[in-house]
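Here come two complexes built around subunit A, the first alongside subunit B, the second alongside subunit C.
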Partner chain A sequence: MVIQFIADHNLEALLERLRRYGELHAPVLSDDGVLRFAALTQGETSDLSALRTLLPPKKYLLHPQETILNYSADTGYQLPVEVAPPLILLGLHPCDLAGINYLDRIFLGDEPDPIYAARRAALTLIGVSCIPDKFCSCQQMISPLKALSDLFLNSLDDGFAVTSASLRGDELLEGIKDILEEREGEMPEDSRRFFGHVVSEQLRHELDLTLPEWQELADRCLGCGACSICCPTCYCFDVLEFSGLDGRSAVRVRQWDNCLFKSHAQVASGMSFRKDRAERFRYRYRHKYRGFGALQGVPSCVGCGRCRVVCPTGIDLRPLTERLEEVRHG
Partner chain B sequence: MRKLRVAIAGLTACSGCQLSLLNCEDELPGLLEQIEFHYFPMALSPALLEGEYDAALVEGCISMPHEVELLQELRRRSRYLIALGTCAVWGGVAALRNGEDRELLRQQVYGLNPLACETFNPQPLQSLVQVDAAVSGCPPEKDELLRLLAGLVRGALPVSIDYPVCTECRMRENLCLLTERDILCLGPLVLGGCGARCPSMLVPCEGCRGPVPESNMKEYLELCAQKGFGRLTVLERLHRFCPERKI
Partner chain C sequence: MVSALPVQAAITAISPLTADTSLLILHTEPDHPVASSFLPGQFLEFSLPGVGEIPVSYCGYPSVNGSIELCIRHVGHVTTPLKIALPGDSVGLRGPFGRGFPLPSFAGQDLLLIAGGLGMAPLRSLLLALLQQRDFSGRLILVYGARETGALLFLDELLEFKKQGKIELHLGVDRPDFCLAGPPDCQIALLPTLLDRLDIDPGRTCAAICGPPVVYPQLVSSLRLMGMADARIHLSLERRMKCGVGRCGHCAVGTLLCCVDGPVFSNAELAGIEEALA
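So, the complex of A and B:
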């Protein structure tokens, strides 16, 4: 087949071209050794083979703390004006693309979130193939989520095969035409193949609350919240309202929450639906590996491995999947 | 609209919490339009308790008989009594040597000179009176103080935080000092709300905001042991800001 190919020596030119379409962000290794999605300044390069940034790209769509409503005594509650300039995200691996696909289903579904929608519309996604490491589990869990991007770069020996998967991708492809070459060759497989599948019915089965594993997990959890903060699909948020000093205004904010926190399932009277951490782990597991509500049967784990990497005590929920199967089949 | 009538008092402490409020220079004129700081000895004279208060904000712990009287008086006169800062909430550094012989401690500091007044082991406010809300920190964050006052103007108490320093540290996409640099950081055990101020500057959390609810001490000590930090080292560090809490 004919492949649109960009050679390694043309990558710098590619970055330059992409900047014409918006601010370019890609994984950047900081001086303190943290890999983060950040603005790629002129002359800076990004290691596209690096596996996982500390925070996933969700940080561009949902900020850790952000105003969702402004109140004033004169005008009542009003949506903030969301100015989202075009942003090109380069270097997204299939798991992160699937993560964005999940967030899209949540925030652009039946009742689109205007802030999310504005930011999402401003994003151009450029995926890159990768080689899973020991923390990755995309290859073990077949996901119904789709690893969709505008452009995708598939790593070859001396460059990348470039494919478009959207109108915006076509436009970008047209804009970089002169630094591409046509090559005859086979398109290698990439991790996108683990996504976009129909999942089995068994994901709908309920979980046994009496399993000792829930308590074992709870005993090891420090409650630091890193697992959900670094998860590409954890979107739970808390809503708070702060009055203004003038006594006539207020802001309502949402901030990232974690289902293992004490207050996550707590209601106004102080009563909690999930009092102890063991129950909260069961809830977390359900959401990550079974899905619930309108997305029942759609696991939200995309196998990026971040939660396992950042957990101070190395908690891993994956072995539970096998254990639960054992229990179910006696 | 009637102004919020507030009393601000300092007991045994460094006055840093009250100073943090006075440092909100840009916001003070606006605050004065909403709030009558009726009793605030550190900033206003004369300082006389008079009538009732919508809220009393109290910094420091209690260690002298006249502080007991003042605190009880403030409690009687106020709808809300709010503990301001770690000393008021947990005892703080003033309570560090509560386990030791007070007469000996007195002699170490003042020699054989008689003291002007009697003192006792410093205690957090809640050991004596009912505390309606607490803003922890050494000192509390400026934003927290302003939010507290703005909320009180609307009749609301602050929402208590239940997550540790780590949460905000990871939100800021920091590397983890404890797990990735093997530095003794108390982040997992300590109440957040500071925006991970210290770890963001590569300084480990010293625990100034006091313990987070549901802290997992056993597992934390286990993790520290793996990093080569003994139980005593960890407990001593943890003890610094909330010695009155049994660990």
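So, the complex of A and C:
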């Protein structure tokens, strides 16, 4: 087949072209040794083979803390005007793309969240293929989530095969066509193949609470919530309101919340439906592998492995998942 | 977007029902869905500017003139400052949210309403709706328990309904009041005990329950002992619904979301779900 190929030595030119379409962000190794999505300044290069950033790209769509309403005594509550300049995200691996697909299902749809929708519309996604390492689990479970991007770079020996999957991708492809070569060759498999499967609806039993693993894992869990902060599909938020000093204005903010915190399941009078850590642990498991509400039956774990990398006590849910979830690669 | 932006409402009256609980009457745009099209058991999100937002059940019935009744206990970070609110003060409302009581399935049945404390608020909404429903011909039994006589809500109204023969009323308090004489026939007994003294036909009775979470397991087992099927037991669950639209993640009950799939669930739907009732 004919492949649209971009050679390694043309990558810098590619970055330059992409900047014409918006601010370019990609995985950048910071001075303190943390790989993170950040603005890629002129002359800077990104290590596209690096496997995982500390925080997933959700930080671009849901800020750790953001204003969702402004209040003034004269006008009442008003939605903030979200100005989202075009942003090009380069270097997204299939798991992160699937993570964005999951967030889209939560925050877009019938009644889109206005802030999320504005930012999402301004986002161009450029995926890159990867080879799973020992922390990854995309290869463990079939996922119905789609690893969708505008452009996708599939790694070859001396460059990348470039494919478009959207109108915006076509536009970008047109804009870089002078640095592309047409090559005859085979497209290598990439880890997108683990996503976008039809998962048959099956009645799944509620989790067996008597499994000793729950308590064993909960005993090791420090409740720090790091696994949830760095999860591409954890979106729980708390809502707070702050009054202005003039007594006539206020802002309402939402901020990332964490189901491993005690406060998460508290109700009026301070009562909690998830008093002990094992219960909170199962809540997290349910969300990651069973899905809530309209997305019941859609696992939200995309297998990026971040939770396993950051967990201070090395908690790994894979053995448990393998036993409890039947949907698996053959 | 309708559900993200609170509509402005004004407090038209705030009148004490008991020492710590008030009936709040609000007024918003006529025909706004938050006032005009909700079902008993559904809830709205109530905003006190500069303070915050809380989910509150409706306690009245839908109106076309934009008026809404809410029953507020002044104990939380939003409801305590509401104590000093005045008529004319401005608040924000979003809603209605969630799934209320399945009114159509109650047609032709006897209804057993079981309210504990502030749980009377949403059940008052259901009671008013049932009384308005012309085709409702079955027994209408209300079992209502509160801490003490002085904490019984809507007492005059309930006694009036009883006097008119519209409802069978069974009142109970946890402990006697030192200075308040109890209403006629009010027993000193907890809810499950009140329930045990009832004579119902479990095959043609539906139960609707709202109260503090701690009483649910025992109420459910009492009803089951009486022979009532799980599908006939409807419970309004207590969770802190922060967004109302299934996004903030705070109200999950197993893999169900209280704000979208509930807050009213049948006990059959809750079968086998951890942490659903306690």
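Criterion: the second predicted complex is superposed on the first by the 317 of 330 C-alpha atoms of A that agree within 3 Å, B and C clash if a C-alpha of one lies under 4 Å from a C-alpha of the other, contacts with A are read in each partner's own complex, and residues count from 1 in each chain.
We adopt the following convention: contacts are C-beta pairs under 8 Å (C-beta built on N, C-alpha and C of every residue); 3 or more make two chains touch, one makes a residue touch a chain.
Keep in mind the model is a prediction, meaning the values are calculated, not measured.
Within the superposed three-chain model, A:Gly247 lies in touch with subunit B and with subunit C [touch as defined at top].
With both structures placed on the common chain, the touch criterion links A:Ala278 to neither subunit B nor subunit C.
Legend: residue contacts after superposition of the two complexes on their common chain; A:Leu89 is shown touching neither subunit B nor subunit C.
Shared-chain residue A:Leu54: touches subunit B; no touch with subunit C.
By the touch criterion stated above, A:Asp219 is placed in contact with subunit B alone, subunit C being left untouched. Look at A:Ala73: by the touch rule set out above, it reaches subunit C but stays clear of subunit B.
Annotation for subunit A, partner touching more residues between subunit B and subunit C: C. After overlaying the two complexes on the shared chain, residue contacts for A:Phe107 are found with subunit C alone; subunit B is out of touch.
In the superposition on chain A, A:Phe261 contacts subunit B only, with no contact to subunit C. By the touch criterion defined above, A:Arg286 reaches subunit C but does not reach subunit B. Counting contacts as defined above, subunit A residues 240, 242-244, 247, 250 meet subunit B in one complex and subunit C in the other.
Here subunit A touches subunit C in the complex through residues 68-69, 71, 73, 76-79, 106-107, 111-114, 205-207, 209, 235-244, 247, 249-250, 252, 254, 257, 259, 264-269, 271, 273-274, 279, 282-283, 286-287, 290-294, 296, going by the rule given at the top. Of all residues in subunit C, only 1-6, 8, 47, 49-53, 75-76, 90, 92, 212-214, 238-240, 242-243, 245-250, 252, 254-257, 260-261, 272-275, 278 touch subunit A in the complex they form. Of all residues in subunit B, those touching subunit A in their complex are 1, 27, 30-31, 33-34, 146-147, 149-151, 153-154, 156, 159, 162-164, 166-168, 170-176, 178-180, 187-188, 202, 212-216, 218-220, 222-223. Those residues of subunit A that touch subunit B in the complex are listed here as 32-34, 36, 54-55, 59, 64-65, 219-226, 229-230, 240, 242-247, 250, 256, 258, 261-263, 277, 310, 312-313.
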